[in-house]
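Note that subunit A is present in both complexes that follow, paired respectively with subunit B and with subunit C.
On to the complex of A and B.
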């Protein structure tokens, strides 16, 4: 790919042809404030916060503007600063001021952008604050939708469309009444949403927030135990409990994506009814046993059952590697081809 | 002959149609534009048919095929434009022009015309000097106009394509098939200097050239009839009165860029336009001037009508094409390829306004030089305006570019009614600006209006008199754009909301000292930051009223005074003691019983109860004129303290 050189605020940087100005800046660790951009999605150019001045005359959005050799970009041009600050002020003036109790606090793109462009109480007080009062949609068992916090960046819509191909949500209504809506504005639980939560993790504010989320103390890298795909997960742990799951963006299998089970189905880990030791049936009742005891018993029973009287049924909830081992064990050790798999979850 | 089988047949068809209509000695054209229909013109038409029929004249005779002579006929025509005076009736060939015709007048008109060869003076237009105008041409409203795109409006029956043939219809299309290559056609359009009549004013020839040069196929021709400005009805009238000219223009465009399929996007709120357009398309196909193998040349072009669901923003070209695709009408975000590269279904698309297409047949027939000779150097041709508001002659007008605002308002529009005085004129619809008296000598063209802070727009022109509050006007237009914003980009969605909230506050007397600065600052940011033309121009009403009427804003904010006495929160009604005769009319009319007073005694308005509806002022007899409207508000006296204590 051919390289071009562009200048951002006096700094010469090289970029790949086809990149946008924002991508080129980010590749060099330069921050251009933005709200509706997400690296996994096509640029939308809607929040207008990433405006820059191009070649000293044209105001353009850096997330959509392709780089061109010799292009000169200013992010601090007075006109750009004014548009950017007014735009962010408009969003903040339309946004609830409940930061301290908000799920996104500390991790909120709007906070970051507002801080960067310099939103001040004096600046904000000039505006008329009229925050939309739309009832929250709590119908989904895993996440809540708070339209009053929504900044209509459309990241959720594009995620559902571009990444998931579900299209459960889209823009509805017009002007200030615009909102992200399901078909017929039904509760999200009654829509075709599959609750994968991909939109929830990408929401730059807390318009989409997981129910009862807790910040973990530390994270543990693991593999999702639900199916053979083997998605990488980061288990968020607090004390002795798993309190959150996030997709592992560095895992080549899922690149951070998860399905509803992997993302939200972690409560079984700390469930009181979960089996934590093997059970052996003695005199008609199941009794707790040690692993050694259980494995010895299995080995003893299997040894007497080699050949076609043996059959193995593998599980979809273990990894590909484990499934491979079971069929190998069945064929090589037990000497039979009676191996099957429940390919359902 | 039923079909045009070769380009040369068009001339024959014209002669046949002309001869056929000439066999009708007299004909009554009854305006069936939406305005006149609302005024009852269809009843007038039925009555004409009945009255003429009673005389034994067969009004349903098909002139084209029955080689008969006929005494009189009657047809409906498209909009004449002089909606203020409707329903309108034109008698041909004399051209007698009757206004405000009711069904009961028909018998008299028919008798006078057929038997007495006379005119009925009382139904003629009365000029300001008291004399009567016998024909349209004699009416001041018309004689300053130059009607090209509206030329066929009101003179032909839009539901009969043969009438269009008779007035040189489809001759331009035949000519290009015979004489011109696509490049030639584009050269003619370029030379004519035609600029897009949707409001942007982009040179049409350059757009067509880009359409021709676009590589991808298929290509589309789209006609933008999504006219959404409040009070504007230029495109509607063209589609209702002369849909064939649009079809011919689109077909010529299709030939020029190499398209085989076209769409006319019309608002669903224009049912009559849709019906007439569909009829015109069907007839054009029947006669071989549209569809497959047009005029036997092997060129195919078909047109479909798509009805918009009522979003103002769908008038924006990229939103419009998405809307046709069945998607939400949201303008595409720049930087993006032009619609001529990536348009409808992501294919090269030539999109022009109704009027832009309607001009084309005339330009081809009469030559680029003819069109260029009308108007100004940079804006050639004519401009069509829907003239409304506080003006004597409201209606649809077509004037050469470069005409001064003053000429339109006073010479054509007849000035301000009821002795009012001119205050401002708003051009360009909700995205336009309000221009004051000092700019009345501004010539009407794209560049001059732009310089004055307004825009040409698609052609709305609202005249306002001294009883109009300019802050309230800005509020009205912002209310419109706020509701019609598509909502995708922040500056437009929230910027218009914020501007509107501030303007509402100012009108309500809750304006703050720094609001004017904030309005200016936000207006510039909304202009600079928005995705599409809607947002970029949404603040124009605010900026122009601030530029030309800043004192009114200051009066609202600093003195809590509405100089025009419009903003109800800033006005009070008062009965003048020396003038009130105690007739009790006001007290009886007051909807909230705020007026007290005995017969023949001075009446008093309880300011605490008054809702500022103004009924008392309307009811007070002229000879007394005892009620006055004042601003700022008369303070409401606090209730007597003793009462509260007790």
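On to the complex of A and C.
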């Protein structure tokens, strides 16, 4: 790929041909405020927050502007500042001021943009309108939709379309009544939504927010335990509990994508019905027992049924190491090849 | 899979047959949908109008169990139209002439009669697959769970070979393995006829190799398969069963037989994370760690070995499965089970399994490795069969085939054909997903999907309880009246203990793979 050199606020950087100005800046760790851009999606140019001045004359949106060799970009030109401030103030003026109790607090692109631009109470008062009072859609068991927080960036719509090809949601209505909606404006749980949560993880504010989300203490890189795709996951841990699952963007298989089971189907792990001690059947009922008791009984019984009186069924759910030892046990200790698993079911 | 998941996105034509890909496995379906969006042809062959059809160029809605006729019909069109890749066939395949002879029964009018698909559409799909490559075949249980499942797979392999779509990038024959580590359990030799790495038990040199490695003498008899094990238990020949992480009470075809068998055992040990329906039958239940509580590796459907890492402690005294098995072995006085951790087990796996020879935990820190990976400096193998095939001659075999009916077809008494599928929101017998409230909320009970015409003829409304009976058992579920099913075909999942679908399904086995025919059986329906 051929390289070009552009200048952003006096700094020369190199970029790949075909990149946008915003991408080139981000590749060098330079922040240009933006709201409707997402690296996984095609640029939409909707929010106009990412405006810059190009070659000292043209104001353009950096998320759609391809780089050209020798291009000179200013992000702090007075005209750019003025447009950007107005745009951001218009969006913020419409937004509920409930930041401290909001799921996205500290992790919100709108906060970041507002801080960067320096939104003031005076500025907002010029635009302040009544916050729209649309009831929240709480129908999905895993996430809520709070339309009053929505900035209409369309990232969710494009995610569901471009990445998932499901098209469960779209814009509905026009002008100030615009909102994100399902076909026929039904609750999302009654739409064709597959609850993958891909839109939720990309929403820059908390208009789409996971229900009862807990911030993990730390994350552990692992693999989803459901299906054979083997998506990379980051298990979010708090104490001895898994409280979240995120897609591992560095995993070559799923590059961050997950389905509903992988992302939200983790509550079985800390389920109260998990088995926690061995059980031995006595007089027809299973009773708690110690490991020693259980192992002694098994060793005695298995020793008496070596050879073809014995069979083991391993599992497609457990690790390679687990399976290896079970077949080794069956063959080397029990003396039979009666070992299979549920591959066929 | 012969090729990698990422290669699906690069195919020019995708044939998705016997796979309800957007329901399982959904993240892989993203690749197929993306390819279709970017202009690839997507041919969906499925008796039902599944969700993937929304993205399809062509939907071949063949009758369940007629895959061999459909695919061989496609091949005949390709050969007759001169679209066979003769260079590939001559240089890399064997047995082509005998195979071509077997095509004569698959003329389009006959195939149309068997499959119910218009011949013209079959012809169009065949030519598309043959001439607009690279073409990739995706298949799943809709192909394998038949009494002629092996023939179904052979037919797909024939199709790929005749058009040279094997052993090259973005093509291939790609079974989508359902469960997270089904690939790995096979690789590890949790199979009755092979040691780890598919080394045949029947070959004396393999037996000798493992006797030497493990320091014991081994049986030279191949073992029994899953269904045969239950038969032998039933007949009193097998008296002890060690069952790990599996719930045959719900998953086994003709489940009543499996339950009866387990009740006859002298000694049943079940090792699991929950007290499943099967565990309730056990003499001893052992508490196992979940994936979040242990270290190890899973091998995915594209043969990629990836690291699973411990995130939390297990509840109470639960232990990783390997530690439990090792403890039993040691109690019985066996040697060779004293591992300190999982990486030592992988070390032993690598030493006896040629395709895993180059695998060690250090090397899996990045994105994992795809086997064959025979040595520590080998980069892994994303695409199989590139220069040659894994057969003794290095060439691929064409397999002459003839069409056989499913074991049990509808008749006057049992007039509907029942097929099974899966829900996006549940996994297998639901022992995990049904304990996740949200998933349960999204999908909480079994539905019998039925065509509006059939529902009307039986006087059934949507959402009405219906009694479903086969020759083997009966159950109830609510109806979902939907055109997804063509007339005559009804469909259920098997996730719900309240409506145990597998009491209905047929135990007819594929003679080679010993897979039961859970995709086709005859049932009758009555308003409950």
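Operating definition for what follows: the second predicted complex is superposed on the first by the 275 of 345 C-alpha atoms of A that agree within 3 Å, B and C clash if a C-alpha of one lies under 4 Å from a C-alpha of the other, contacts with A are read in each partner's own complex, and residues count from 1 in each chain.
Everything that follows uses one rule, which is that contacts are C-beta pairs under 8 Å (C-beta built on N, C-alpha and C of every residue); 3 or more make two chains touch, one makes a residue touch a chain.
All of these numbers come straight from a predicted model, not from anything done at the bench.
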First, second, both or neither for A:132, with subunit B first and subunit C second: neither
Comparison of subunit B and subunit C by subunit A residues contacted: C
Touched partner set for A:261, first subunit B, second subunit C, both or neither: second
Subunit B versus subunit C as contact partner of A:45, first or second or both or neither: first
Touched partner set for A:333, first subunit B, second subunit C, both or neither: second
Contacts of A:112 with subunit B and subunit C, given as first, second, both or neither: neither
Partner chain in contact with A:60 - subunit B first, subunit C second, else both or neither: first
Contacts of A:274 with subunit B and subunit C, given as first, second, both or neither: second
Subunit B versus subunit C as contact partner of A:83, first or second or both or neither: first
Residues of subunit A at both interfaces, subunit B in one complex, subunit C in the other: none
Complex contacts: residues of subunit A adjacent to subunit B: 44-49, 51, 59-61, 64-66, 79, 82-83, 86-87, 90-91, 93-94, 126-128, 130, 151-152, 154, 170-171, 173-178
Residues of subunit A that touch subunit C when the two form their complex: 141-142, 163-165, 189, 194-196, 211, 220-232, 235, 237, 240-242, 250-254, 257-262, 264-271, 273-281, 286, 289, 291, 294-299, 301-303, 305, 307-333, 335-345
Interfacial residue positions of subunit B with respect to subunit A in the complex: 311, 313, 328, 330, 333-336, 482-491, 493-498, 501-502, 505, 512, 514, 518, 521-522, 524-526, 528-531
